[in-house]
Structure formats: C-alpha cells, structure tokens
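Next come two complexes, and both contain chain A; in the first it sits with chain B, in the second with chain C.
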Partner chain A sequence: MPLLDIKNLVTAFHTPAGRVPAVDGVSLAIERGKTLGLVGESGCGKSVTAMSILRLVASPGVIESGEILLAKDGGSVDLTKLPEPDLRKIRGGRIGMIFQEPMTSLNPVFTIGDQIVEAVRLHKPVSREQARTKALEMLALVRLADPELRLDEYPHQLSGGMRQRVMIAMALACDPDLVIADEPTTALDVTIQAQILELLADLRRRLGTAILLITHDLGVVAETCDDVAVMYAGRIVERASAAELFAHPRHPYTIGLLAARPGPGGRHDGPLKTIPGMVPPPQHFPTGCRFHPRCAFARLPHCAEEAPSLRTVAAGHEARCHYADELSESDDLGEQRGAPA
Partner chain B sequence: MTQQPLLAVNNLQTHFLIRKGLLRRVVGHVQAVDGVSFAIGKRRTLGLVGESGCGKTTVGRSILRLVEPTGGDVVFDGASVPALGAAELRALRRRMQIVFQDPYGSLNPRMTVRSILEEGLVIHALGDARERLDRMRRALERTGMPAAALERYPHEFSGGQRQRIAIARALVLEPEFLVLDEPISALDVSIQAQVVNLLVELREELGLTYLFISHDLSVVEYVSDEVAVMYLGRIVERAAAADLYRAPLHPYTLALFSAVPSVEPARRRRRIILSGDVPSPSRPPRGCRFHPRCPLAETVCREVDPPATPLDGHVVHCHVAARELEATGGDVSVAAARLAEKMAAAGSSASGTITAGNG
Partner chain C sequence: MKHSDSHHSRGFWAEAWRRYCRKPLALTALAFVALLLLVAMFAPAIAGTKPVLCRYKGRLYAPCLAYFDRRLEPAIFAKDKFRGTYPKNLAEKDPESWAIWPLVFQDPYRSVRDDEWPGRPANPARDEGRPSRINLFGTDQAGVDVFAKMVHGTTIALLVGFVSMGIAGTIGIVVGALGGYFGGWIDMLTSRVTEIVMCVPTLVLILAIMALLEKPTIWHTMAIIGATGWTGIARLTRGEFLRLRQSEFVTAARSVGAGPVRIMLRHILPNALAPILVPITFGIASAILTESSLSFLGFGPPPPSASWGSILNDARSNLSMWWLVVFPGIAIFLTVLAYNLIGEGLQEATDPRLREARK
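Here is the complex of A and B:
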C-alpha cells in the first residue's frame, strides 16, 4: 500500500463568476521513501493539489470529492474527512512542508531556533531544552554553518539559500514520512539550487522520507525524482517513472514542453519548437481533451468532443491521449524533440 | 570584430551609496558594477549571464542611464552616453530601448495599450496622429498582436501577450539597440519559446542589436553570438557563445554550467557544488572575487585581482586558468578540459563537507 494515495480529487473555487475546478479528478500515489515530481505550468492545479493534501486550500476553495489516504497502522486515514484537531497533528508532523519563498513562510519576528522549537513541541512531548537540542541537530543535518549561532538569528539575517535550509530543517524536525516541497528552489540561483537539491536527495537517502516535489522545471524533476506526473488544466495527463517519461514521452503536451527548450549546441537548428496558444485559465477549460486547441497531433472533431481517459500506454506508463499509441515511436516525434544528438 | 561596434562599454562602474542614520551619512558603497568592459557589433547579440546580485541588470540600466554610472564610459555609435546633456540623451534613447522582466509590473494597468505605445512617440514628437497609429499597428503586428489590442488594458492579456506588448512598446520607436532584461523569466515554459522565437525573428528582420540579460543559460546560448559571465560586479569570462559553452575556462563558469539541471542525461555535466553564498557586493573579497567559493583557489587568488587573459576573443580573468593556458601553449580546448578535471576532483573530495554560509 502506498504511503499517500490520492483518489479522484476535485478541488474547486466558488467565485462570484461561478465554479472554477482547479483540480479536476487527480489521482496520485506516493510510495514510502520515493520522490514523486508533479510538474506543470502556472494554473495547472499542481499547487492546489498539494495544498489539498493538508486541507490548506484557502476559501473560496473547497475539496468537493475524492479521497486522500495516508497509510496508518496497517490501514489508512482519509485526510479529507479527518477532524481538524487530528489533521493539525499531521501537518508538520507526519507530513512536512517546504514552500517556494522561505522569507514569507518563516516568521520574521521570531528567531530560527524559536520557530523550530515550537514546531517540535507541537508534535512531540519534549521539554524546551530537548527541543532546542533537536533544532540544533536539524540545522547541522541541513549543513547550515555555525548552527549554534544561527539558532538565535532572525530570518532576515540569513541568505535565501540559508533560509531554505532552515525551512527544510523545520520540515524534517518531526521525522515526517512525507515532505511536500512546492517549488523549493524556484526563488534560488542555480548554484544554490544545486546545493539544496543535493541536500534533499541526501536527506532522503539517509532518512527514507518520501518527497512530493512540485515544480515547473523539468530538469529538476529529471535529476531528482523517481516518478513523474505531468499536470495540464487541472488533470494529470501523463505519468511514468522519470527515466521512462523523459526517454519516451507519450502525451503531446509533455512532448511539446521537452521540445520547447533549446537543445545543446544552440542556435543552428532553426526556430525553437513552440506550443501554440496559451495555458487556459480554469474558468475556460476546453471541451474534450483539454489540450486539443494547442495540440499538434489533435484530430478533430474527435479530440474536441471526447475527453480521453488516463490509460496505460506501456508498462508503468500512463497517458491521457486518444492517440498516444501512434505517437510512440513515430519519426514526427523525433523531429518534435528537436534535439540533434 | 572588424567593424566599429555599435555599443562599447569601457570600464563601467556603477556604485550605490549606503546611507544610514538621521543625517543619512554615507557608510559604504555597493559596487554593483565594478569595471565592466565589452563591445557589441551591429546586428549582434551579447548574452550577459550571472546569478542574482551579480550586477547584470545594473549594467543594462547604466547603459541607458536609467541609473547613473559612477565611472567608465559607454559609447553608442560614436557618442559617449555619460557625457550627454538631457536633450541629447532623450534623442539617443529613441535608438536604445529596454524590455523588462516582469510584464505585469512594467505596463501601467491604468493605461490602454494605445496610450502605453503612444507615450514614447509623443515624447519624441514622432509623426502626426495618423502616422503614430500606423506605427503602433505595425509594432503590434510585428509582435504577433492584433491591432484591436490598442483599445484594451494590460490586465486583459496573458503574461506572454503582455511581454509582446512590452516588446511592441520598445519597437514603436524603431530603435537600433535593445536591452532585454530577463525578457522570458516570468513566462511559462511553453510561452518562453514563442517569445524567444519572436525576438530572434525581429533581430533578423529589423537588423537589431541586443544585450540579452538572463540567468537561463540554454536560452542565452541559443540567442547570443557572444556571452559574458558576471560575478559580483565583474565580467569573469567572455567568449563567442559556441566557444564558451564548449570550453569554459573560469571555475565559476564551469560550476554555473554544471549546476543547471537537464532532462537529457547526455547533457548533464558532472555537478560541481560550490560552497557558500555569493558575498555581498558592499564588501567584495580581496584578490579574485570568486576565491572564497573557488575549489581551485591558491594564495595568489586571495591577494591579486586576476587580470584579463585574452586568447582569440576568449577572455578569462583567473590566475589558474591563465597558468593552464600558458602550460598548454594557448590551447583553449586542452586547458578547459584540464580545468574541468581539476574542478571535478576538487569538488568530489569536498562533497562530503559542503557548508553553507561564511561565503
């Protein structure tokens, strides 16, 4: 049984302009100790999916249906139905969180040490002294230089990379089974991003924590995740192991995203391959396959009328496309990738 | 470059004062840009890369005098920009335009697209009403926007469309030179390629010259003829794009390239993890500014600012690289390979004890 099993999650925002289904039937499973990458562009619903797990979706957002099963004592609990006090124990306890902007997620008026101590004491019956020792241990674990000194500093005294290390230390302080990391390196420079990604990978190896990594950066996913789910317009459109997905993408959207980046050697292969049009806002998701208006392979009227289901296209590989089988090894695809060897 | 460059930047310095206290006493300087030199030929593109705080944005703004340079010279088509009076500067600004990173922040939400585009034409007193409308339509059309967009407001458009409008605003004055400051960073991946293609097309069609500022190394390689890498207010390496990406010589360039995650296994380089953060530009380290984070740093690096070592248009500021170049008789490829090996060896031996902080 997976550690976390999301089944058919629907999270919608009820606005004056009507119901906006930001997450529309998402199913995901995360195994113990594994890293799952959830990728997609702005507005695809990846962050709302993550926020739904801990029921942190802000009003007017509502989880309308679906189950979020967290493994417990051989069975499981449904986080969507758990009473608030019980859920509060899980937030920051069995499930830790890391957000994109560490400056806004850390409280500016408390020291780093106080914040970690508070997090630990919320979830564990320990004294302040013991919690402080734990905090020190965590800061050393995330390889913050001079942890004793840092413990009494305020967030603004640290650099962006150091703040993100503190966030990771806090997320890990209560020995969580799962860490949800929402764009944890997006606000950081690449050399600092490399430090943080290496740290996360190392901690996962040592502590066996599962990670749900939410990002728009396919490169980050390729280098850190075991499995990948690609989201588009509120739905998962493709799912596979990272190795399989990047070697044999089967959904036209994934194919398009991979092809849109310049290949090695730069400029001489002509214009970049583009995905025409723009990401649709949730108020205006197209009918049928939601990607069809931008799809180079769409066949009309079929793709505009019938919504494809997420189905197996190869062992351990699912895609939400009527014609995924025909896209598999065609020459067209090689050309679409646009990356000469 | 045989022809006269369109833009030449010589030893450009832009320092910001740090003031403190009731009397706003000057307590220090942020040396955002500290001795930057490069030249861009007509119809060429120079890519300027580096991490946040390295000064790349300040270079772009100093060229246009959106911030006043502290020292050095910027020569545009033979004219020294810092020496210009207000009227001359305005005339020159018609020929040099800028596109900013954030298309949400750079377009006034209270103005229609027409007033946004027309503002520059009015300031520069270009054409009558009819001619202005013509120009605005042409500029929009060139960026792939319908003329109907003129009567609408920025919020009615997506991020990609707004960036097209920002580009149209720059084009409406028919400039020769554009500073593109992170023009695609705020856009979704699927939209980035569209805007990159547009910028390349416009350059070819209109014969534009670009300073392309970005932290996205792949896109810079794709767009640029020549690339300069900045670190802490200085250019540390500069070369033709193909040469720089094939044979980077500066340890920082090597680390920067190796840090970019890639979806193509073949393209991944052995990752060199730098320790620490970029130091503050108000207190730059002595000697080579990169030495506190450099795995190859030696005694000389801590004391002596490395001079430029130029080699067939490939310029590097590094004592270790200079020595390797000398040892290999000026063979850039061999020297680059040796440096990469040294970096990898130094990086892997240190990988267990990477520490953050203490710059």
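Here is the complex of A and C:
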C-alpha cells in the first residue's frame, strides 16, 4: 500500500472572475522510502497540489473533491476530511514540508534554534533542553557548519543555502515519513543546489524518508527521483519511473521538454528547440486535450474534441495522449533526447 | 560565550535600541520619563509630612506609605493620637525615637501648620504664597504647597498614561489581531465594532459617567479613556496581521503543525509589534492631556487628590498667582513632549524603510 495516495484531487480557486481549477483531477501515489518527482512549468498546478496535501492552500482556494490517503496503522486516513487538530499533528509530525523561498520562510524575530525547538516541541513532549539537543542533531545532520553557533543566530545572519538547510532540518525534526519539497533549490545558485540535492539524497538513504520533489528542472529530477509525474494545465500527463521516462517518453509534452534541454557541452547546431505557445491560463483551458494547440503531433479534430485519459502505455508507464503508442524514439523531436548526463 | 565579535547575534529589539540611542533627543525624552517614574515611585520620600522611616517605641515603621494608600499608615500612630503631626509627637511621646524625613517637608493635601516643623511658620496662602525657599513652587489659595502637589501628581499623571493605554492596547491588539488573522465574518464584526466605538466622544462620555456615579474616581476616568482609545491601535494591528498572515514563515509554521493561537501570538505579533507601539506611546501623551484637561475644568479626581490639571484649575480664579500656572503647565508640556519624542524615536528606530545602512 502506498504511503500517500492522492486520488482525483480537484483544488479550485473561487475568484470574483470565476472558478479556476488549478488542480483538475490529479492522482499520485508515493511509496515508502521512494522519491517522486512532480515536474511541470510554472502555473501547471504542482505547488497547489503539494499545498493541498497538508491543506495549506491559501484562500480562495478550496479542495473540492478527491481523496488524499495517508497510510496509518495498517489502514489509511483521508487528509482532506481530517479535523484540523488531527491534521496539525500530521503536519510536521508525519509529513514535513520544505518551501521554495528560504529567505522568507523563517521568522525574522526568532533565532534558528528557537524555531527548530518549536517544531520539535509541537509534536513531542520533551523539555527545552532535550529539544535543543535534538535541534543541534538536526543541524549536524544537514551538515551546517558550527551548529552550536548557528543555533543562537537569526535568519538574517545566514546565507540562502544555509537557511534552506535549516528548513530541511525543521522539516525532518520529527522524523516524518514523507517530506514534500516544493522547489527547494529554485531560489539557490547551482553549486548550492547540487549540495542541497546531494543532502536530500543522503538523508533519504539514511532515514528512509519518502520525498515528493516538486520542480521544473528536469536535471534535478533525473538525478534524484525514482519515479516521475509530469503535470500540465492541472493534470498529470505522463507518469513513469525516472529511467523509463527519460529513455522512452510517451507524451508530446514530455518529449518537448526533454528536447528543449541544451545538449551536453553546450554546443548546438541551430537554435534551441522550444515548445511553441504558452501554458494556457486556467480560465481558458483548450477543449479536448489541453495540450493540443502546442502539440507537434496533434491530429485534429480528434485531439480538439476528445480529452484523452491517462492510460497505460507500457509496464508502469502511463500517458495522457490518444496517440501515445505511435510516439517512439524515431520521432523528429527526439534529436537531442537521450539519457541525461 | 563562545561567540566572536563577528558572530554577535543581535535580535530585532537590540538593533532597534541601538538605533534609538543614536538620537540624543529621543534619549533625553526617555531619561526624562525615567526621572518622572522615579519621582512617582519615591514621591512620599521626596515631599511629605510623614517620616520615610522612623523608630518609635522600639519598632521600625514607614508611615510615608500612607500616601499611596491610607490603609498603610501604621495603626499605632492613630492610636497614639498623632493626628498627622509627626515631628513634635515623635519627639514628645518617645524620646528615643528617630526618623528619616522626606527631602521637602510639605504635604500635598493640606497646608503645613504653624510650628509643625519646629521653628517654621505655617505656609502662606493666597498672593503671599509665591515661590520661596521653603515653598519651592509656591502655595495655592489654601496654602497647600505646590511642589508637593506636583510631586504626588506625577504618580497620577503616569498612572493615567500607563493604565489607560494598557487597557486600550490590550483591547486594540486583541480585536485587531482577530479581525486581521481570521478575516471573513469575524473581520466584518470587529471592523464594525471598531467603527462604532470610534464615534464615541471620550471627553463627553467621561463627563457623563462622572455625573452618573456617586463617587467617581480617577480609575473610572482611566477605564473610559482606555475603553474608547483602542480603535486606532486595532486598525493598525488588523493591517499588520492581514499583511503578515500571508508571509512564508507563517505558512512554514503551519506546515510544522502550529495552531492559530500560537501563530498569532508567537509568530505574527512580535513582527507586528513595532508599528503598534508607536500609537500606544502617543496615546499615553494624549491620555495625560485628557486627564489634565478634565482636572483643569474641574472634573478631575475630587480633592484632596492632586493632579497637575487640578492645580491649573485653582489658577483659573487666581490669575495673579502666576506660579499656579507656570509650574504645572511646564510639567504637562514637558511630559507630553517627552512621550511624543519617544514615540517618534521608536518609529524611526523600528521602521525598516527609514533605517540607515547597517554598520
């Protein structure tokens, strides 16, 4: 049984301009100890999906339907229907979250130590000294230099990379089963990014925590994830293991994303390939397949009339495309595809 | 401490204090208020007719505390029929007694009688009561020393400021926080209540309550100033909470399992406090001014209780006695000015936009 099973989640924003379905029927499953990467461009709904799991979606967003089942004591509990006090025990206790912006995710008027101690004491009845010891442990775990000094420092005294490590320490402080990392490295420079990713991978190995990694960076996914789900316009369009996805993409969007990466060594013949058009705003989703206006393989009028469902195209591999079976490695867009470096 | 200088962690308030200290005017104002606080606390030791400490019939007493609360006057002095005249009676009834006297032997509630202090005549009254060596600020119509009145009036002035703003601050922060954090119908309710209370005229309400009650005291005045003065604070608090509840660190706190009360008190309030303290400081000045105005008009605490405004009230019918105007007038002016300067200094010290580059 998966650790977290999201079934047909629909999260919509009820704005004065109308109902905007940011997450429109998303299903995901995360197994214990595995890493699932959720990939997509900005605005596809991946962050909203993550926030929906812990019911942190800002109003006017509302989880309209679907289930989010967290494994518990042999059975499962639906997070969308859990009363708030019980949900608070899960937040930080069984599911931890790392946010995108380390610069603003920490309270400026408290020391680092205070904030980690708070995270610990919210879930475990320990004394301040014990919590402080645990905080020190966590800082050492995330490989923050001079943890004793850092404990009494304020967020503004730390760099972005260090703050992100502190966030990771806070999220892991109570040994959660699942960590949701919402674009944890987007706001950091590349060298720090590499360190943070390596840290996450190391922590996963050592602690056995499952990770839901949300990112728009395929390179990050390739390095760290066991499974991948690609999201577009509020829906999952392809789902497979990482190895399978990069080797045999079966959805035009995924193919386009992979083709749009610069090749190794940075040399190109001709301009970079892009996916024409833009991500459609939720108020104006195209009819039929939401990707069809930008799709190089679209076959009108079928693709414009009928929305494809997510179906199995190979073992453990699903794609939301009518013609997924016909897409193969010999396709034109595949010029620069291939397993990542 | 293991920290080296470069690692010296300075919290937000420590930083603000450093910035505040760089402004001499603000520091002077703070020193003045500190001085007032000392005067208010030690008023009976500065001016009074009761000994600060005395030894009588083998035991130690502190009769001066009676100025704070009549019930604190040691019973033995009533029993032995002292009737408030300590110097002579102490010496007569117990030759071995000794006493430590206040700095200025004058009473804020009554005139000093002939020979009460051995060798000194009674306080002059009326026009003869101009400032002299014995009566530093002169005496009023009835011969009561003005300096003593002002020293004891400091207690009232500061009390009015702190108590009424304490009440106003508490109500304002709670109402504003609830509205700003929860939004929705709670916000609508609190905003409407705030607007209704804003329309209530403070001064008129105090006068009305004074008229209705049999024994109005200064505590009633303070309560009403507090109960009507919280609206500006509430609006400011609401704005700050509205802004801060969308912060990333609030979401991060929720993701770690913090509940709404914890988030409001521990996470948002410390971040919101700086701008809220400013109108509270100005409110203290305003409360002092309101109380002085009421006393000046004759609606202050009834005699014998002395406040600066009531001295001014005396002055109304005795304009030739300039000392009744000048001294309390200057005191009120300086106090209100000091609080305003403190509020301004606080504002500049905590406003991130006005900060100079960090050194």
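FYI, the second predicted complex is superposed on the first by the 325 of 341 C-alpha atoms of A that agree within 3 Å, B and C clash if a C-alpha of one lies under 4 Å from a C-alpha of the other, contacts with A are read in each partner's own complex, and residues count from 1 in each chain.
Throughout what follows, a contact is a pair of C-beta atoms (placed from the backbone, for glycine too) under 8 Å apart; a residue touches a chain by one contact, two chains touch by 3 or more.
Computed from a prediction, not measured in an experiment: that's the story for all the values here.
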Taking the superposition as given, does A:132 touch the first partner, chain B, the second, chain C, both, or neither?
-> neither
Mind working out whether A:46 is in touch with chain B, chain C, both or neither, as first, second, both or neither?
-> neither
Which partner does A:106 contact after superposing on A: first (chain B), second (chain C), both, neither?
-> second
Which partner, once the models are overlaid, touches more of chain A's residues, chain C or chain B?
-> B
Examine A:275 and indicate which partner it touches, taking first as chain B and second as chain C; both and neither are also allowed.
-> first
Can A:163 be said to touch chain B (first), chain C (second), both, or neither?
-> neither
Is A:189 in contact with chain B, with chain C, with both, or with neither (first, second, both, neither)?
-> first
Touching A:204, do we find chain B (first), chain C (second), both, or neither?
-> neither
Within the complex, chain A is touched by chain B residues 51-52, 158, 160-161, 188-194, 196-197, 200-201, 215, 217-219, 221-223, 241-242, 245, 255-256, 258-264, 266-268, 271, 273-275, 277-278, 354-358
Under the touch definition given earlier, write down the residues of chain A that touch chain C in their complex.
-> 54, 56, 58-59, 85, 88-93, 96-97, 99, 101, 104-111, 118-119, 122-123, 148-149, 152-154, 157, 167, 170-171
Would you pull the chain A residues touching chain B in the complex into a rising list?
-> 41-42, 143-146, 150, 159-162, 165, 189-195, 197-198, 216-224, 246, 256-258, 260-267, 271-276, 278-279, 294, 339, 341
Chain A partner, complex, touching residues on chain C are 2-3, 7, 9-12, 183, 246-249, 251-259, 266-267, 270-271
